[in-house]
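Structures incoming, each one as structure tokens.
Both complexes below contain chain A, partnered by chain B and then by chain C.
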Partner chain A sequence: MPTATKPAGHAAIPPGTGGASRRGLLLGAAGALAAPRLLGAQPAPVRLGILQPVTGALAQDGEYGRLGAELAINEINAAGGIRALGGAQIQMVFGDARSNPEGGTAEVERMQGEGVVAVVGGFASPICLAASQAASRYDLPYIVDVGVSDQIVSRGLRNTFRFGPGFGAVTRAALDNLVTLNNAAGRPARTVVVVHEDGLFGSGMARLMGNELPSRGFEILETISHPTPARDMSNIALRIRALNPDLIIPSSYYAEFVLLSRTLQQRRIRPKGIYCVLNGAASNFRFVREFPDAANLVMDVNHWADPRKPKTAELRRQVEATNRFWLYNTPLNYSAVMLVVDALERAGRADRVALIEALAATGPGFDRHIMPYGPTRFVNGQNQSAQAVNTQVQDNDIRVIFPADFADARPVFPWPT
Partner chain B sequence: MTPRDLLPIAGFAAAAALLPLFVTAGTWLNFMIFTLIICLAAQGWNILGGFGGQYSFGHAAFFGTAAYGTAILQLRYGVNPYPAFAAGIAAAAAVGWIIGVLAFRSGLRGSYFALVTLAFAEVFRVLANSAEVTGGAAGLLIKLDVRPENFQFESRANFYWIALALVTGALVLTRWLERSRLGAQLVAVRENESAARALGVDALSVKLSAITLSGAVTGAAGGLYAQYFLYLDANIAYGTWISVEALLAPIIGGAGTVFGPVLGGIILHSLAEFTKTLVGRIPGVDLVIFGALLILVVRFPPRDIPGLLKRWRR
Partner chain C sequence: MRSYPPEIVAEAVLNGLLTGAVYGLVALGLTLVYGVLHIINFAHGALLTLAMYGAFVAWSVFGLDPYVAILPLVPIFFALGYGVQRFVIGPASRGDDSNILLVTLGLSIVLENGLLAIFRSDTLSVQVPYAMEVVELGPMLLGFPRVVGFGVAFLVALVLFVVLGMTDTGRAIRAVAKERTGAALVGIDVRHVYAVTFGIGTACLAVAACLLLPFFYVNPRVGNAFVLVAFTIVVLGGMGSVPGALLGGLFIGVVESLSGLYFGESLGQIGIFLIFILVLLFRPTGLFGAKA
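Presenting the complex of A and B:
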């Protein structure tokens, strides 16, 4: 119908007549009647909750998580939205979790009020635990981005999904990969010193190492703990020099690990390797850029994007173009948002229950993520193929050295003298 | 204490109890429940700090003990959450008494007492962070099992009413304290301990009663927190955040008054929520505005709400 496509503003009012012609009025009325139908053709946007701690102690991680989610949403919207929903655009509803569980819960409640179809993020385990629980009251799908606590997916919550690996899977991989790495190099490392912060997961990690390493052929010379924050690592460095271990396994946060590695470097203490697990600094480009000598050849077992996927390099370029570092939070959140989009495409409607079912049924066909995982398969909300990878700082870059399927560099171990 | 004394408390409780009938949005109910939990913690602080003049910087010790007590008894010993909650409160009261005996017998007052309470809370935090029974740094997760007999409710409104009932109970307790002999002795100790002693007041026993009561009330807030969020770690339970929240609300609302902590808690949290809405979604700016407002309120007279009301009346 030609009148329907002709903009209402074209209703002809001859200049200077000072009144509306009959034809003009008819055109205008037709246009006005058609307008809602035209607008109705535009599908309603899908609201997606992005929850990150962008104030408080975890603000840096939260910002990088938000960035990943934003990049994914922009990409989907630019490519024409969600096809199964008639090209519906995704609208981000952002919530600041304030680095604590109450903040996360409050924001989930607000997002529920704003009609989001799912919530992605949380970062820290306590926030993920509280926020996913709050979301479960409303059958609101919750996709954990980072939180590694194994409790997150063991509560029987139907709405909670984690695309990334849990603590158990990460530590198992860390121990197995260490043995493989050491054996492949002719078993140069036999003695270990574990340095850990006395809080959060540092103590748990130390206990795990204490239980598991001896049965894998390593002798733990000493387990040294330090508080967070720690101002000085000289005593620990001196103790390490006296013990002279082959391998140092640190479990500390960013500042403490940077301090430790710099102190070791200043005092010329050079073991055969530093092998970190879920370390705050060893997979962080800030550390690599600011202290390249101290960071060189440090190994870590952590979340990391698949270096072989072209999308990873593209996303990294986009992030670095904004003068920001490439951290694992960004690809993890990018992938989590893509997971929701994939489920929405399969569900065919922005309905929470249908979305939960679609998320649970995600299969190997989901290939829009950029993580180094095998075919996706969820059991009780946990992606079974999720895994951490071994990274190593080489030539001022963070490279994946293990597993071989995803590696873009060969391990340098033992360190050259 | 006459029925007339209880009239304002009954009025407040009745008005507040009706709120969930009009406000059903989860966002607001969640906000009100969290505010009530803070009000309860603040009422505990007010008994010792407001009436007794013993400023504590470590009420987290009581909050955390009851929170962990409630959680540990359920998780490790299979105790029903209600008796676990009661036992948690008793444990917090006991911790209050022990800290009181150690601090007051040594004659610690003023800033020395404040520092000792802060130190106790920090020691508890460090211990909880490494002890096996508290789940160490990984914390404790109370199993999600939504049943009223399990102290977990489908509707947030039920939890709101329970929190409100406890706040009302604490208000009645404070009113009783205000009118009782113990309350008068406590105020006498606050105003001039030496003079109170000279008049035959047993200052140590009065202060011990106050810190025990204070510990129990703040402990109730900790137990509620554990049951509401179902997750605890050392920084949540014994972190300085709750010590600061507990003392800020009565100081703003009027320390040593019955309604001061509730008024302060509601005003502070509403202000925080208002600044959050005001600046939209720019993260952190609301905290800056909130902090600036707080500095202005505390820096310039009349400093608290009752002072402001007095000035208006003149």
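Presenting the complex of A and C:
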């Protein structure tokens, strides 16, 4: 290294590189002069980091998250870019989080190097926690797409925003809506069996149900845990048949819930309802398409796009036209990118600190999202109006049954015998 | 501990037997390879996953019912197993058993990640018209695909028993299993017998995969769910014993089912591994294993 021995701050340029950089400078200057005439003063594109796990265990979710971000970016670019920045186009800088937090942080570092103005995504809570922390070191705005852990927005990080709801808000809504649903139907359900996977997610949910359901007038007959992966659900089905509960509340990942619901169907076990919370399958069109009978009338409390917005139907048509399923990851990421665009329009410059301020100041005027939320208002990075909705599989479709303001179907509960 | 009405307990036992037969079939391949080659095949789970994807592709691309897919998949997987032993594991081992462990472990990693790259991590399942059918036995409902699995697993074990006992190939396999050097001296091609055995073991997996798919799902890690149980069955039944694998599978199936019923699916798994340890402590040759 010829420059290593020179004192710090020495201005001399090592011989071999001087010519190249001068030539580069000349070319750049020539380009700058020529560009306005050729392209009509096209402003520099804004680079936006999109972080999703597209390999590893979470690959399916990551693919659908990326799809949502792409749809939003294409839409903005086709409509003339960001107006406040002279029509600047958005350029996606994609990063694969490889389904783990380390992958997420590594990609944030790379995106930082490539000069992105913000990062959107993460999907899983552990990835969101690590990646937003890494971004905070550079004052790089980070918009969480899905990650529901309430820890994400309670660390005092100024750069981190979550447009969707957290675990506390989701479960509160789940319990409240269950009571409303049951009361409206004349209280057909009193007894409950909770089935959960024995990891952090399922056990946490089961504990919460154990604490909260009795005070709301439900009796938990039994809490049954199962490992992931589970080989067989026959015994769980047998126990459920012996217990004969009014309601089954499962918290499992995709494969295990599909196995459970198919086994229940096969053994002709029909409770008055299956009520899921943040379930891996019940709000997933793959499940509805592949096993329509097992999926029929299953309820879930989860993220879901606002069915009344025309944009939702338009996006869904676009997604389904490419032979893909309509999953919640797509509208959530679409909306998160729109949130950044809205903030850029108000900030008037592609500057990180200005963008953070603009994001924090997002108000009811932000209407380009397609989630079933009220007027946007951020407190400590959390959108206060974010909420989960109750969905139910009806007629081979996933419908919203709660809250009434956003519903496009009436609940079928108790299930007809 | 909750008490259950007798028909529920009886159904749990039957469920255990039905599932256990398929476990036994998975263990059959493992025990055969151990009995003859004296190696533990760590790629067994990954080969099962591969076979399940094979059955899935047969269904989704060629429209073959998983039970029909047994017919093409068995020769394909026999050839695959034969080739893997003859041209990969055998040469790479250089006669040292500890090398074989590493080679099969490496093979499993390559297979799993290859499948991940091709099929991604999606959980896939097949939709067959009989998936939801049940066989009614008094008050008990038994899943039709499981009943088929039980029958076919027994049939495969019977065929294998006959092949090993009555054919020249079977006699050669048993000769190599008992005394490798002696078998070589009387003119048996030991390398060929090794590869045939590995091929039979892999073909058993192809059958098991086709039996599992109608009521299970497939993803790149699915084989691991079965292979740990298969190891326990091999130890319980006696390393290298064909009837031991089948009876061990049935026994483990029932233990898993009953402990799952009484202690929950999470805790119920302990029963299986408790047996594993107890057998190793008090009867290391297993139920049917020859005295070492």
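Going forward, the second predicted complex is superposed on the first by the 377 of 417 C-alpha atoms of A that agree within 3 Å, B and C clash if a C-alpha of one lies under 4 Å from a C-alpha of the other, contacts with A are read in each partner's own complex, and residues count from 1 in each chain.
The working rule: a residue touches a chain if its C-beta (ideal position, glycine included) is under 8 Å from a C-beta of that chain, and two chains touch if they have at least 3 such contacts.
Bear in mind the structure is a predicted one, so any value in this text is a computation, not a measurement.
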item: Chain A as common anchor, with chain B and chain C clashing or fitting; value: fit
item: Contacts of A:268 with chain B and chain C, given as first, second, both or neither; value: second
item: Touched partner set for A:185, first chain B, second chain C, both or neither; value: neither
item: Partner chain in contact with A:101 - chain B first, chain C second, else both or neither; value: first
item: First (chain B), second (chain C), both or neither touched by A:412; value: neither
item: Which of chain B and chain C A:259 touches, first, second, both or neither; value: second
item: Partner chain in contact with A:220 - chain B first, chain C second, else both or neither; value: neither
item: Contacts of A:202 with chain B and chain C, given as first, second, both or neither; value: first
item: Per-pair minimum CA distance [chain C against chain B, superposed on A] in Å; value: 6
item: Footprint overlap on chain A, comparing chain B with chain C; value: 55, 59, 198
item: Chain B residues within the chain A interface of the complex; value: 25-27, 29-31, 34, 126, 129-130, 136-139, 141, 143-144, 154, 229-231, 233-234, 236, 241, 281, 283-284, 287
item: Of chain A, residues touching chain B in the complex; value: 54-55, 59, 94, 96, 100-102, 105-106, 109-110, 112-113, 125-126, 129-130, 133-134, 136-138, 149, 151, 155-157, 198-204
item: Chain C-touching residues of chain A, taken from the complex the two chains share; value: 55-60, 63, 198, 222, 224-227, 229-232, 234-236, 238-239, 241-242, 254-255, 258-259, 262-263, 265-268, 290-291, 293
item: Chain C residues within the chain A interface of the complex; value: 2, 4-5, 8, 11-12, 15, 19, 116, 120-123, 125, 127, 131-134, 141, 143, 215-217, 219, 221-222, 224-226, 229, 256-257, 260-261, 264-266, 268-269
